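What follows is chain A paired twice: with chain B in the first complex and chain C in the second.
So, the complex of A and B:
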């Protein structure tokens, strides 16, 4: 029995930051990187299933990223996952969720897991698309925002609960294998001690290229592209009081000010 | 039968006088069995201790032995904070030791040197011996009577073994066996002592017609006085002889039983306490045990993970309850008493490690079973070291707790509230979930630039610390201290974004891997800077850099802000023209006062401020923790518990007319302000940092260099 968990190393912004010169992202001096918060929960869910199942269950962590993302991988491994896979190619630098899903689909074909868990979304970009796209590419069932899961390894179906709008929840059964995007709060993620993270260096991590997966760079093109990132100007409201003439004068001032006259 | 023509030079006592041979044989058989039982017990105990990890804690042997003997003979540790008990214990101790030496001398003379033809137990030595033994017996009985009075009538809470963290019906709830054992011990000893005197008296009655006995009877005055009473009651010499024979056997068998039982009962503390005192680490309260973070396994979750020294500590506990009384967690109703922790481990090791073979499975220490240590017990600790400080037999509770916490952290078993803190520490090197960039932001409030010690040489490197850097209330103190240093013309700098927490609390919470990573990173950074000394306002940082960084190759001269201020004031570099007309009391930070002994500098500073200092009952080494230490500042205190800071605020509020409760640590400041509010004292007195008082007394600070800008309208720095 094998569960594959996809994780992402995300950026946590400082409250004061600057943008990159090309204006398409935040300058990396102004954020710190960490394992995506949602992924703590998806990894934990896989580990709980593994622990309940006994020794013959395997949890494999997969990430798409350069060697800096080993930290996130090792955090997940330190919690008790068995091995890791990291795929990187420079052409993936600006990859969106669709491109990442294409890569992950190849990994799933290679690993043939019984179940794939993703976080409900990433804490930095929040597209919530990777899991869904992955299921689409694989032709597997998918459930998003899973907040409760009953699954025993080897069974053909899993029963789960999902959060809907308006405080509703739905209970559904999915055929396995399936791709499930896991919501915060489904469990209490364990702590990975720094000692554990260091010792996780001993655990096997396969470093793969697109070639290894039989993919070419043009096979993983993104479906979208970030054009510009900016902090929107904060809207201001001002209540203009006084006589009609005074109000008109003030209004004219504001218009002139905004137009830079 | 009487030696009527004795030579006074040769006066002695005839041992086993009138004993038939069979009696002698029986006595020697019993004595040998008793000694055999004793020796087996001692061996079994040593075997038990050797089942722990070898610590080498007893070497170098002679200096440690010497220190232990000095401690035992002076009774220094027993007398601390309980003079009368210490004195009475000394009576028992010296009485017992003298009587033991006396018995040994007789054995030596009669059974060892005597058969070789060498005798010394006669004449003046014999007479002096009798007098000393009588005196020792009186002293012993006096001490024992006091202890009986103390147990029965003083009803001290610290002698109540009922566990606040167990329910009636739990097997380890009231430990009533201990109470029975205490009384059996006192009664046995006192009966041995009293029958000794009665025996002496019966012998005088019996041998009243023997001049060798009668003429020198006043050399055993107590026995002789009793003999007069016996004769007055009509006891004949023959009756005396019968009584002597009966008492001789009763006294002898009781004494031999006592000796045989030493290793199996609380009497063992005679030896275990000495062994424990010898193994005592003088830095045990300052420096947590080192650990190999690359090892397969870290911390203690099995009994066999404890070192031999700790296994001995468990048996050394005399249940005196001084730690129980001093512990802030226990005082607040938390499920921790250092005494009960040690006693649980004692019972656990007795149940599992005493047998001829080791248990097949490793013995779990942490859990909910009887005599196991519950996780919530371990998380209640504030690592204030009050227990280690006062333990008369040198038990080191705190390192035990930290070792067990290490195992819990490795298993991820802790309050979920702790996890974000530890993750923040891993990610950004601070406990406040703030980015690294925010750390030096407090310095923007200054009208001068603080030097960047990473880039230029400074005399003094200021290690600011987490709370002092990032907690809004503490930042005011930090800013005030920067202004004082600036006004005093000190060449100082900080590490800006690259400073990470020094790790005192990280280590004490049990995250050893993270602590060592922080220590190594900080040491690497410090070593790359050019400075002469380090200063910090944070006693936790102070303790760790001073006492724990040397293990990782970081050797620095570090000073706490209080010592530096004291010196600057003494050298006239800080002028304090404003009179502060306050009545204050001083709350010693554990890591400064008790743990590092720096109790006078803050008081000397207060002395220079001309404030009216009234001490709280618990001060200096007996200061009462604010409740922040050991990572507890990161964990919420449950509402049903009494916060240590509230207990402390209540203690301060008893001082009439108190204006200011002075603290000297960013964490104390945080906790005590809550404590004062929580007890409704916010209108009665304020909490202020010592630094704020100094700043207030300095008045508006004149900047030494007007070109720095902003000097024209300086703010009064202490106006919080």
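So, the complex of A and C:
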């Protein structure tokens, strides 16, 4: 029994930041990096299943990123995951969720897990696309925003609850293996013990290239490209007071100003 | 010679560790030679220099060093950092930084003498920041008050150093919000206070009622104001003694709640408030240390658990009442008893077998809790309950050693900040995975080494 959990090291912005010279992302001087908050929950869910199975299960953490993302990987390993896989190629530097999913799909083919967990979204870009795209590429069932899961290792179905709009939830059954995108609050993520943190340094991490997965750089092109990132101009608000006539006069002035009349 | 050996041993250890956070923690407690070594560790990489420049816990000496670098990202962080010293801010300003940076310097508590120059800055944002800086002098404030800018006017009206002439000028030209701040200013001239007291605008009367320099007669009149918020501000104003507040029958429960928070109230007023139909009024009066024992006994039987909790938290609560409340059906009330350091042995003993997390967390903080019970609490499954022991000045070393291995980083950080932490535990925490823990542990060890001179 094997659960594969995909994780991402995300950027947490300073309250004041500047953009890169190319205007397509934030200058790295102005953010810190950390394990995606959603991934704490998906890792925890996998560990709970592993522990319930009497440790007769393996939890494998996968990330796509350069060596700086080892911190995120080791954080998940320190909590109790068994081993890690990190895939990197310079051509993945601006990879979007689709390109990442193509890489992850090859890892899934190689690892043959019984279940794949992703975070519901990444805290920095929030596209919520990787899990969905991965399931699509694999042809596996997928459920997004999973807030409760009943799954026994070896079972060919899982029962889960999903959050919907308007406070609704739906209960559904999916065939396994499946890709589940895990929502915040599904569990209470643990903190790694000091022993776990030390042990994580010794746990095996496979460092793979696109070649190792049988992929070429032109096989993992992104489906989208960031053209420009910018802070939109703040709107102005004005409290209009006075009599009805005074308010109407001021409103007319504002409309004229905005229309350049 | 003890200092030399202890400090030398610590420096050797810190250099061997090469950890920037431990170096930062120890820096302020070391001599010049050791600081130079720690500086190399703390500021070793650009990323680390950026982190230090933004850290409010960073030593001023290191921030001053960083201000010598002409790096835009560093300059922005230093200007925003509340710990950046005055000479570093002066150096930043001398480098002709952009308006955004000048704005942060203008708002900085250490800007001092730089404000004269910044008050003449071309950017209105910078001048606004100067006007909102509490250390701006009377002259600067007066010069800025002339500007035709609503935000500057509001800032100046609330500036501690605004003089009577400036306030008078603002009263005549400002909008209702500016006038309200003028009325609340301790330096507000008496003739303006008279106008504010009788203003048609309740906002201005309310701010006037909050003025700590308001004459007693005016305050007494504002206590009769038809607006409950104005009366509330007057009740809250400490310019009037609690003994003079003899009318606790205000029709507004919000105002009566404020009465109940005042000290030195008359006995008759306390009695009326203790029988108030509003839970919050009784809740506040039950915490009031002027309440006599017989009234506390009555409040200890109040149907509202929050009122009974307040009795337990009242520093004047007699031991027999605390003992009775230790058996209260509400855990929040029992937790209040468990927090009392002067609770009778009987009350503490009654709580030792309590399984509620609030009660255990309170016992964990109480130095009267037996050491063996503190050890049990330090091993509790709830991380917040465990942390309470780290705050307990009488916690046994065995319990603190348990917390040094706690999985929750904040618990280890709290432990590492204890002034009585043993060198053994502090050295263990020097290699903690959390930077905050290593910082506090190194500061602890360095402080101890410095006191051994």
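Definition applied: the second predicted complex is superposed on the first by the 230 of 261 C-alpha atoms of A that agree within 3 Å, B and C clash if a C-alpha of one lies under 4 Å from a C-alpha of the other, contacts with A are read in each partner's own complex, and residues count from 1 in each chain.
Simple rule for what comes next: a contact is a pair of C-beta atoms (placed from the backbone, for glycine too) under 8 Å apart; a residue touches a chain by one contact, two chains touch by 3 or more.
Because the structure is a prediction, the values reported are computed rather than measured.
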item	value
Most chain A residues touched (candidates chain B, chain C)	B
Chain B versus chain C as contact partner of A:18, first or second or both or neither	second
Which superposed partner A:150 touches (first chain B, second chain C, both, neither)	neither
First (chain B), second (chain C), both or neither touched by A:199	first
Which superposed partner A:190 touches (first chain B, second chain C, both, neither)	both
First, second, both or neither for A:207, with chain B first and chain C second	neither
Partner chain(s) touched by A:27 [first = chain B, second = chain C, both, neither]	second
Chain A residues contacted in one complex by chain B, in the other by chain C	14, 16, 30, 190-194, 197
Footprint of chain B on chain A - complex, ascending	12, 14-16, 30, 32, 34, 188-199
Chain C - residues contacting chain A, complex	50, 54, 73, 76, 80, 100, 383, 405, 407-409, 432-433
Chain C partner contacts - residues on chain A that touch it in the complex	14, 16, 18, 27, 29-30, 190-194, 197
Residues of chain B touching chain A in the complex	293-294, 298, 409-410, 412, 414, 416, 418-419, 422-423, 426-428, 435-438, 511-514, 517
